[in-house]
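Dumping the structure here so I can ask a few things about it.
Think of it as A, B, C and D in the order they're written, each chain with its own count starting at 1.
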Amino acid sequence: MLELFSTARLQAILPKIKEFIEQEVIPMEKIVMKKRFFDAEKQELHELRQKVKSLGFWTPHLPEKDGGLGLSLLEFGQLSEILGLSPLGHFVFNCQAPDIGNTELLHQFASKELQEKYLKPLMNGEIRSCFSMTEPEFAGSNPTMLGTTAVKDGENYVINGHKWFTSSAEGAEFAVVMAVTDPTNENPYKKASMIIVPTQTQGFELLRNISIMGEEGSGHASHAEVRYTNCIVPQTNLIGNEGDGFKLAQSRLGAGRIHHCMRWIGICERILDQMCAYVSKRKISEHSVLADKQSVQHSIAECRASINAARYSILHTAYGIDKLGTQAMRSDISSIKFFAANVLQQVLDKALQVHGALGMTDDTILAYHFRHERAARIYDGADEVHKSVVARDILANYGVKVKI
Amino acid sequence: MLELFSTARLQAILPKIKEFIEQEVIPMEKIVMKKRFFDAEKQELHELRQKVKSLGFWTPHLPEKDGGLGLSLLEFGQLSEILGLSPLGHFVFNCQAPDIGNTELLHQFASKELQEKYLKPLMNGEIRSCFSMTEPEFAGSNPTMLGTTAVKDGENYVINGHKWFTSSAEGAEFAVVMAVTDPTNENPYKKASMIIVPTQTQGFELLRNISIMGEEGSGHASHAEVRYTNCIVPQTNLIGNEGDGFKLAQSRLGAGRIHHCMRWIGICERILDQMCAYVSKRKISEHSVLADKQSVQHSIAECRASINAARYSILHTAYGIDKLGTQAMRSDISSIKFFAANVLQQVLDKALQVHGALGMTDDTILAYHFRHERAARIYDGADEVHKSVVARDILANYGVKVKI
Amino acid sequence: MLELFSTARLQAILPKIKEFIEQEVIPMEKIVMKKRFFDAEKQELHELRQKVKSLGFWTPHLPEKDGGLGLSLLEFGQLSEILGLSPLGHFVFNCQAPDIGNTELLHQFASKELQEKYLKPLMNGEIRSCFSMTEPEFAGSNPTMLGTTAVKDGENYVINGHKWFTSSAEGAEFAVVMAVTDPTNENPYKKASMIIVPTQTQGFELLRNISIMGEEGSGHASHAEVRYTNCIVPQTNLIGNEGDGFKLAQSRLGAGRIHHCMRWIGICERILDQMCAYVSKRKISEHSVLADKQSVQHSIAECRASINAARYSILHTAYGIDKLGTQAMRSDISSIKFFAANVLQQVLDKALQVHGALGMTDDTILAYHFRHERAARIYDGADEVHKSVVARDILANYGVKVKI
Amino acid sequence: MLELFSTARLQAILPKIKEFIEQEVIPMEKIVMKKRFFDAEKQELHELRQKVKSLGFWTPHLPEKDGGLGLSLLEFGQLSEILGLSPLGHFVFNCQAPDIGNTELLHQFASKELQEKYLKPLMNGEIRSCFSMTEPEFAGSNPTMLGTTAVKDGENYVINGHKWFTSSAEGAEFAVVMAVTDPTNENPYKKASMIIVPTQTQGFELLRNISIMGEEGSGHASHAEVRYTNCIVPQTNLIGNEGDGFKLAQSRLGAGRIHHCMRWIGICERILDQMCAYVSKRKISEHSVLADKQSVQHSIAECRASINAARYSILHTAYGIDKLGTQAMRSDISSIKFFAANVLQQVLDKALQVHGALGMTDDTILAYHFRHERAARIYDGADEVHKSVVARDILANYGVKVKI
């Protein structure tokens, strides 16, 4: 095992966590993923989370003083890869999106009071949260177009708006809502703020869990359309300062993209393993198996090379963020985001082709990832947006100003 | 409108059928596709089918004397494209797979008695059928590996076996079963036969509708796993002669691939239209829409060029089958099968990327096709098999014998 | 042989022409292509051209009354495919670019006097010509940016400018020069005109044959950089009307793209044949040849399917131009241009990979096409331009005006 | 500058070497590459080599005690990238293939006498050498098929055979020849040996410099076809032991692939820079440049992401070879070989498309790399071979034995 990206700390814990994922988590997938989320949450997921706590791996992304493992981003990335081997992994370790992002946000920018009220139970896994930014009427590629408003009224904000892809809203305790607080600010990046809105607030209406690729999902595994109608919350629910909305969103996304990208690597590794196991057993004639076909061999090799390439790029970027910060690595972050998302899609596609009819069924995890991770090239910035970001940063050195 | 592939007959009926699909069928999709199939079959689908009958377009693939439109394959292909604009199209016109294939099979090869008993109600749309060939234990790429057996016992066959992807089995009146009747025949292509097994036969067990890409489906829109345990049927249920199984399967597939390929063209055309309509309206800033982006424009152009290329290849092949027969066009059929399936996948993928988050939702038909038509590169012969067939036919001219 | 795109006339002549290309032209390639063009022109090429004349196939693109074969574009396309089997084909039949385009231009738009002086000897193959449009300082994607001017002075034009990619200028009798005659016209598409400039004119300076992919070439097989310094020609050398430059360029390109595209199909067919012949003989072990490798087989099949798809698209477009004219088929022309150019590049690339080290050598024709036909995606409109044209025509139906 | 792959030593020398390449070497390209190699060797190349010696960077790949820089492979890889910025870089530093491989070979495996006679002048840059393995009659993918024989006769070997792609043979002092010494050995990998044959030996016949992509080249920049007819050399010219041929070839290739791959990264970086510089200046209308086009921006971003991915994969592999040896990293070496070669081809292709007509000309270095580096996917193991190696190593873990 090469140690270039590894550390003593990681070498001590990763094998244990991998064993736990393989022995305890993956076998529960078939049961959990057929249930409604809320039923699994009370039973199987609850039991798995208790085990993680007792093993000392709970909320691994947090500093040690807050009960986490105090990992660098480079280290957490590699942990995220292992958790990504199962769709349940991150949830069971309480570092699932969108809660992990909200945790980091509240940890860095929220008042003591908000931290006490929202961050603490979130860290304990007692509640869940959601992040309410995307709006159906406006293109995500232009974050300055936002219809939701938060208007001051005495000590409160009155919030009105229409959001979707407010993931995990069903059953969440609160939403972090992106809303325009200063519509006339000349700088479009200073118009919006992030405000906590408890889901019990009057006027918070979960219109539906959007059916995504054939599934409405439930609980944590759902994506809600939400309407905010005259939702009143105290101004103290503001995170950071007024007008910080975009700044916070950016800070939220830097590390988040490493998390996602390394989770995808975990998916890729599992799928490649499944692919190899399948073709090694699948007979195509009395004396040969699918693995004997050159086209299958080449698919495996192409997957291996691409996954490696993506993995080392991501880890190098994580290393850079640890050393130089998010801003300095902005172009690298965009590079790996679209590169890794495309590797993921290609690996899933090749694996599906090799599996034949079986790949289309839900008898393996493959079809689940094939349909849901198509979104990897869209969420947190579509390929096209990230490519433009990379080009902008490069071409600035040649005196060209790229508009995105 | 260019007439190279068109005929006077087509020009008379296609616009009417297109209008019917657009005005009557597409608007019913949201209702029908949310219901269980059996509920829709009794109501919305029934009404639509009655309208088709009254318009005189019922079972268009059949000869005029049998109540069809008496179209050439070149003509029917173009009709199939129009029907393919909606996932309901073929069913509403009673030319849906697998019934259309079974209809053609019984029409050409079944005894008068079997035709009277099974073909007639099938043509009338009174019953549905299924085709039971694929087995989970054996690779579809090698059709001579088959575990299901039909053993003679007096005047009957006793059938035992295990099948899956017996599409539309739920609610079907009978299955056409591929079973080994002559296990010791030296020619592996002479071992199997096709036999009709009514689904009410004792020992016919529909184990499950296989969950495919997240959906078990129901009725016509389902794919069953079936076990045959000592199913007894009279030997008169044999289609064609004993040992004809593979020959019949081949004949079934020639025209069938034109049907599918042109249905995919219909899907492509609808999706491209949806894509253009969406990007023309979707604002990305106050004064610009998504269609103003060069990457979007290029995606549209690439789709247009690829769809055209696939379409003309398919129609040329259909023309060839009409003139020279399936056997002479075998290599062309394989060429268009994998070429068109890949065009379909690319069009769906590009459209999804352009739609952003909306593409992942079931608010449009796109996600449905994205997940279900991934199978196009697998069913009726995987890409790899068809490529080998093409290479075999070409390389035979150079003295090389390709093994598939 | 299917007759969908064929005609009795074609069936009478194509086999003879193919035989001539295979028996007489291809065997001369190694000799001709190693010589300087002017040497080959006097000997081998001259002899081949005499044979073509005696066979009655000279300048096949012209109407019968002008000594040609009077073919429709659909027919000539198929002839161009056969001629394209050899890089010498079109020249030997006197229908090589850029002369073929100039011939058509003069035929349609030039005065009797110009026709007598320039068109006639061109048709007879007594002289060659060149077309001088592209300028190094301005992007070809924007044809309205043009630095060359033609200023009236008495009865003459005085022409100044700097051109490159004036193909075949070396040894040409005259150039058709695109020059700005009306710099202040509000319509940028009305600013330029086409004017004949004999290469003997004082001030016409062939600066160099540009080294292209390692070769400067010579004669017809060269691409010149030319400077025009106070070149004086009579105003009667104008083709068409003043300001018609762009209109004429467009008309020149419609049929020209069919010629090129079908020439590429000819190249593809020859290369695919060479590929099959090679892999069938090339031993990779005592008992197997390269053709036994699945990856090789799949490359062959992918080439076959793509070539077919391109071919039928091009022929369908040629049919459309014959029936409806160039303007009506503008979007189809752009579609096939970039689609076919990409198929060509992929076929050449796959063939090269299959050939291994041999493919890199000039022992076969493959490396020649690999390096020189990379330009297919650039000349006569880069891929990006044609994609935008297709998108513009499609999106106009949705109310969007695409800028190119 | 991130230090993950860097070292203090590298940080001290790389900027100087980069400056030398940019200031001294690149400006000489136009002059050197137009001359015959032998002329440039005596003048421009000689002067540059003297400068490198005086700067203390000569033969950087060798241990310090032998006059090199004593770099790890990870370090030399990064140096190779910088040298790769110019096609002249490696030659000027005396670490050009095939001499660098022969140097390493003789350094590790040759007798003192051979080292004195051949290695020393090679290290001093007084002579050049070549490597004679590939044969036209046998496929490189199967290295055990070899027609060249070395038969013992007294104290000598008598060598007969036919080789090609004996690169740089013209002007070389000696060839390292792969020849069968033990034709009946049961183990096909023990049949051959490596033997030094001075090019002055009677019977050594340089048949031709093979024309590659239009150029025969000369001297170091050429690829010879060679016939060995009863060439007599003393048995002491054997490198290593008899039968070691394949083992030595393998050892030669491990580090060699890192050298090549990092050289390709150097090419990619230069071309990407050239691309950015070009599009930033190239006007496409009065107020916009090519860099304003989204398709251009996306090409740049895709190049950046792919080059990064390849670079980090290669450096990780170099690190692994330093730590664990070539054998342990065999699969990684194959992965990066085909991955990086494909990135190179794509970068060159995208750059060429963006450059338009200019890209086809030899006015920039681009066309040179486009045509000559197509071989990167072929030499030192074709993509297909390396993919099979990767698959073999992976599938061995699943109990499948892949034949290559």
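Assume a residue touches a chain if its C-beta (ideal position, glycine included) is under 8 Å from a C-beta of that chain, and two chains touch if they have at least 3 such contacts.
It should be emphasised that the depicted structure is a prediction, and the values quoted were computed from it without experimental measurement.
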item	value
Distance-maximising chain from chain A - centres being C-alpha averages	C
Interface copy of A-D among B-C, A-C or B-D, judged by whether over half of the contact pairs recur	B-C
Between chain B and chain D, centroid-to-centroid distance (C-alpha), Å	52
Centroid spacing, where centroids are CA-atom means, of chain A and chain B in whole angstrom	38
Distance from chain C to chain B - Cα centre to Cα centre, in angstrom	43
Overlap residues in chain B, where contacts from two or more other chains coincide	293-295, 298, 384
Residues of chain C touching chain B in the complex	2, 4, 276-277, 279-280, 289, 291-292, 294, 296-298, 300-302, 304-306, 308-310, 312-313, 316, 319-320, 323-324, 331-332, 334-336, 338-339, 384, 386-392, 394-395, 397-400, 402
Residue ranges of chain D in contact with chain C within the complex	134, 136, 138-142, 145, 164-165, 210-215, 282-285, 290, 293, 295, 352-353, 356-363, 367-368, 370-371, 374-375, 377-379, 382-384
Contacting residues of chain D [partner chain B, same complex]	293-295, 298
